[in-house]
Amino acid sequence: QGQPVIGLITKTETNPFFVKMKEGADAEARKLGAKLLSAAGKTDGDNAGQVTAMENMMAAGAKTILITPSDSKAIVPAIKKARAQGVMVIALDSPTDPLEATDALFATNNYKAGELIGQYAKAALGGKPAVIATLDLFPGHPVGAQRHNGFLKGFGLPAPDAKSNELGGKAAGVVCMADSFGDRAKGQTGMENCLQKNPNINLVYTINEPAAAGAYNALKAAGKEKDVVIVSVDGGCAGVADVGKGVIAATSQQYPLRMAAMGVAAGVEYARTGKKVSGYTDTGVALIAAKPVSGVESKDVKTGMDLCWGNK
Amino acid sequence: MSDPNQPLVMQAKGLVKRYGQVTALDGADFELRAGEILAVIGDNGAGKSSLIKALSGATVPDEGEIYLDGQRVNFRSPIDARRAGIETVYQDLAVAPAMTIAENLFLGREIRRPGMLGSVFQMIDKKKMLQESIARMNDLKVGIRSMTQAVETLSGGQRQCVAVARAAAFAQHVVIMDEPTAALGVKEGNMVLELIRRVRDKGLPVILISHNMPHVFEIADRIHIARLGKRAAVVNPKKISMSDTVAVMTGAMTAEQLAPECLA
Amino acid sequence: MNSLTSKLPPIGTLGPFVALLLACVFFATQSERFLTSQNFALILQQVMVVGVIAIGQTLIILTAGIDLSCGMIMALGGIVMTKVAADYGLSAPVAIACGIGVTTLFGLINGLLVTKVKLPPFIVTLGTLNIAFAITQLYSNSQTITDIPDGMLWLGNTFRIGDTAIVWGAILMLFLYLVVWIALRETAPGRHVYAVGNSPEATRLTGIATDKVLLGVYVMAGVFYGIASLLSVARTGAGDPNAGQTENLDAITAVVLGGTSLFGGRGIILGTLVGALIVGVFRNGLTLMGVSSVYQILVTGILVILAVATDQLSRKGAR
Amino acid sequence: MNSLTSKLPPIGTLGPFVALLLACVFFATQSERFLTSQNFALILQQVMVVGVIAIGQTLIILTAGIDLSCGMIMALGGIVMTKVAADYGLSAPVAIACGIGVTTLFGLINGLLVTKVKLPPFIVTLGTLNIAFAITQLYSNSQTITDIPDGMLWLGNTFRIGDTAIVWGAILMLFLYLVVWIALRETAPGRHVYAVGNSPEATRLTGIATDKVLLGVYVMAGVFYGIASLLSVARTGAGDPNAGQTENLDAITAVVLGGTSLFGGRGIILGTLVGALIVGVFRNGLTLMGVSSVYQILVTGILVILAVATDQLSRKGAR
Amino acid sequence: MSDPNQPLVMQAKGLVKRYGQVTALDGADFELRAGEILAVIGDNGAGKSSLIKALSGATVPDEGEIYLDGQRVNFRSPIDARRAGIETVYQDLAVAPAMTIAENLFLGREIRRPGMLGSVFQMIDKKKMLQESIARMNDLKVGIRSMTQAVETLSGGQRQCVAVARAAAFAQHVVIMDEPTAALGVKEGNMVLELIRRVRDKGLPVILISHNMPHVFEIADRIHIARLGKRAAVVNPKKISMSDTVAVMTGAMTAEQLAPECLA
């Protein structure tokens, strides 16, 4: 029986997070002698594109499919069909809803990631009253909602639970919410407008590190970069470097490379022995901060750089 | 042919049409009698096309009144005029260039297939339309090989024949033609004059705009002379000379200076 | 005369068709899995949603318009029909009618703004694109809806011809193309669509109510988007508020690949089907070849240009 | 005669301008922070990238073309100039020249495909959109580049007039609009751009080398995209491989809001500037009002339609 | 005026142009002598426009040769013909509708500003162009109020005057006019004839396509009769009758049946 074929479907092509994930999968597949097919949705949230990719990979003979679901619910029927044909489906990074729709989940908890930076931010501000701006992803995106709501929860504000797709916090001290699309330029524009709205902002939550970098630009232009705490999520190498430079106060680090490598290994195992993996494996979140605060566990920048994207 | 006792089929009073600072029609009057060929002549820019556009609903005049068979009408669009049985050949040839000759001839009144297919599904009878088109165009003796040719592939004159054939075929009440023979050869031009006569003989009045004085004098029952957006005079081609007509048209003479029997 | 008539279809469809064939030949040499009936059934299934949207888009482009809102309207339709079924427990046919009703209403709004207020279609549909998206998010609370009655899913079911499982939705799409093709060729309103796109002023002067034709086209397009909503729900088994984000460009691409002029009045609806298939074949074939997705994008870019260039050349040949 | 000449500009620009003013008045009543010089300087700064892209887009649309690839070409230019500087340590001017060189090359490719192979601009730029995107991702490895020499960032620096900090890039944008406005109005090549868009066949018959005009327009557009790359790098302080994804629709929107016809030959470049400002003012004003983002999208949709409807009405009034 | 000893300015041999199944030119010959007005007449679809499109580079013939001053030329585009000093008024009026009259007159050869502004920056001298336009159009006695009016707002005849004025103003070598008087009024038509004469008197030969026989007989030195894509005959209007000419044109008579002195 030939080379095992494994499919990897990410949300988009362009997010460094998924690029790293693909690199990890590629390296592991080469090591284990498997053939890796990869595809992605056209935009974040493109469920139909992921369904199409899944069908095409099955047509190409993939027996294991690794997927970072763009839409945790909408993808489920397609996964069911695939599993009914004997394909092992593993969710990476984010779970499906219900969780049991896939054979296994290798993921970080985005809500948890949000909580960590929320807790950090609370401590970092000391007793100062918080004036918060959030730079979110875009309307309707679950990861955007989970990180945002987790952050509010960690900060001690009333927040929707992990399943909600709605952004909380409107009434509770968040003075400005803008969409950044996870993009540097749009993050910057959002921050500029927020500052215009309320110049006293002293805490900025950002969906990811490019948005954080954009926010920093805006704050710097306004001469406020020293007075504001920026927190973020992802823990990419560039992002951790920004933590080192003081651009970002703290970020929650996730490990896409690790998830992907584990997924590929499980796929090869399945092809060779017919044994499926199952259940939820937390690939971990860690808080990376240049200045640790008491009461919140964090790793330093050096460790963060070593681990960024899950290099090791 | 034309007889003062004939009823007025179309009448317009004090039509005004302004385009920004240009006044195309400046209080123009107009009268068309039953069963006549009325030629409308005038210098370039005298407002002939503007006049007939107002009469055919293609533009809505800013002021003035239009009567059809003595009834006040208010054409808001060419559809209204169509419904009233007025058929028009426009100077800038209203044809759909990418469509075939047959389709252009029948545009807006396609022949339906018999039965349900035609009435409910509005399916068209292409074969019949093709045959009819060939017949109509043969009337005009135009040497066009294929009715399924796109109009944009036709020569200038051939295109004009399509527009003329369409108007002649479908008019119920009045036919208006804005320079139908301008691009036509001698033979084709004569065919169109012949066609106009035949239409008139069917009893429909025809409004003919033309710069071709020999044509006008050959065929018109009365001549409406347009000048500077107004009606300068209506003359009788049987009584007036071509040079006097041109003199009125260019403003070298006024209507008052003409012998009374020249007026119509 | 006959030889001229018989020459008309090729000019419109032969070019895209040649491009499609070339693509198929190429992929067949690259992957032995490509040239199977099962795989073609799969491709058909994958293009059915965008294929049906592209019918509406073709109608609009034939009138020299453009519709950017098509995908979002489709998404809204999907959310409405699934939510009505899931939340209010209405039966599938009623829920479907509600969904298609909403997309048709949006078509009507587009049409009224284009005909009555005389706004350019690009701007109108850019506006309704945003409006439909926002309503979709607000109405669905950005939640995917998954409790869908079976009666809404049967178009996603398959039947077998030999070994090949064909999805009903694909058959519906092919049927719609056939109907619209005949309607455009053989009925008076169909010819008026071409006339309006070809020369709106001339068409108006012949006494055709061009506004009514345009309005009809936008409303019909709304109906097709509604059918696409249903297909999308049936295909993915969910009402997805994030659906439809790229379908506008995809549909316009299919239309243009299919040889319809963006300036209106010229084109053949079957070309659009071929155009949609070209896109589907590329995506499928490249995945089968194991081309990674950035390279897929690169190759798609090059191939889109090549496909239309082939078309262009084959037209020259035909003259 | 004079009164007619003096009437020309309004028809093209008054409408959008009225829409812009109305939007400003509205937002001024909603937020006291809106009507400050600092806020306007900010809006100017936020629209400068899309504003410069929209200059190139206007030129192309004036020739009855369209450019979907503009944003991606801009992103590629940004990556090239930052990567050349960061990786090979070349000086800022050389790196900038490399970046603009690449965008100009893409403009040239677009132009050659449109003029020599006679492909529709929509398809050509759809192809190069994908190609530029893929090259950007591959060349940058999807990584943002941040070690940027200062020489590349000074357009992002500000100078002060009174209290108001104005960014140099915004001044550059305004200057470019002025230059292009004069060039389109007062030079022979500028008039030929209008002529080609207005009636390509007639223009060809008067003996103007229409292909050269078109090619020139696409190449110039490439140059403007390169300048936009530089502005984008200066504004964000980074070479961002994910930049430019929505700039094509944004730029086309600005052009159309500005009153330029998508059918070519009619429009005024200053209208595009107003169009870009309308978009910027909406985004800024709605954020200041604290409108949440789904509602922002809804409102933007409605306002885009209203803005052009205002334009339409004010034109009727002008007649 | 026309003299067999005059050198041939333009000559074409065996031109063939096919459009799909339609053969517009079927081996047409053509000769234009120095300083003459050569009228080209023929039925609609006889291939007149196709002939002059080939001579002016607007289309490239499938077969045949064209000579200018005895030199073989190969016009690939109108630009080539322009460079050779050939100026053409096309039947379908090659104007840019949204641009002003002045701009249309000078399209492709705008007057540059003096100095650097003109030579380096290619800036145009709008004022001078406006003045020149007024002068040119006054020559034709066309009552157009403003040269900054868009051409699309003109009447059919006014538009034609723009095209004619352009050709007459810029020709260096040969002027070709495809039905320049078709849409013109009596006065304007005569002005154009006058203009054509003036151009000829400057020493430039003129090719005039027209369906207006009185015009043709009034002005032409020789008449080229086109029929079915070929040259049926070249006749001398001083010697031949109008009816014989029409007979040849419509095929009722062949060139051989004409008296030899009628031929030119």
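We just call them A, B, C, D and E in the order they show up, numbering each chain from 1.
What we mean here is this: a residue touches a chain if its C-beta (ideal position, glycine included) is under 8 Å from a C-beta of that chain, and two chains touch if they have at least 3 such contacts.
Predicted model, so just to flag it, every value in this text is computed and none were measured.
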Task: Averaging each chain's C-alpha atoms to get its centre, pick out the one most distant from chain B.
output: A
Message: Quick check: more C-beta contact pairs at B-C or at A-C?
response: A-C
- line: For the C-alpha superposition of chain C onto chain D, the rotation angle in degrees, rounded to the nearest 5, equals 180
Message: Centroid from C-alpha atoms only, then distance chain B to chain E, rounded to Å. What do you get?
response: 29
Statement: Chain-centre distance (mean CA atoms) for chain C and chain E, in whole Å, is 49
- prompt: Any idea how many Å lie between the Cα centroids of chain A and chain D?
  reply: 33
Task: Specify, in ascending order, the residues of chain E that touch 2 or more different other chains.
output: 21, 145, 149
- line: Multi-chain touching residues of chain A, meaning two or more other chains, are 13, 139-140
Chain D: positions in contact with at least two other chains: 4, 137, 294, 297
Task: Spell out the part of chain A that touches chain D in their complex, as residue ranges.
output: 13-16, 19, 136, 138-140, 167, 170, 176-179, 182-185, 188-190, 192-194, 196-197, 210, 213-214, 217, 221, 238, 241
Task: Over in the complex, which chain C residues touch chain A? Could you list them?
output: 31, 33, 38-39, 42, 45-46, 49, 134, 137, 140-146, 232, 235-243, 245-246, 283-284, 287-288, 290, 292-294, 296-297
Query: If you look only at chain B, which of its residues touch chain C in the complex?
result: 58, 77-79, 81-83, 88, 90, 93-99, 103, 107-110, 112, 121-124, 126, 130, 145-149, 166
Field: chain E partner contacts - residues on chain B that touch it in the complex
entry: 19-22, 41-46, 49, 91-92, 142-145, 149, 153-158, 161, 179, 182-189, 211-214, 246, 249-250
Field: Residue ranges of chain D touching chain E (in the complex, touch as defined)
entry: 1, 4-5, 8, 186-189, 191-192, 194-195, 198-199, 201-209, 265-266
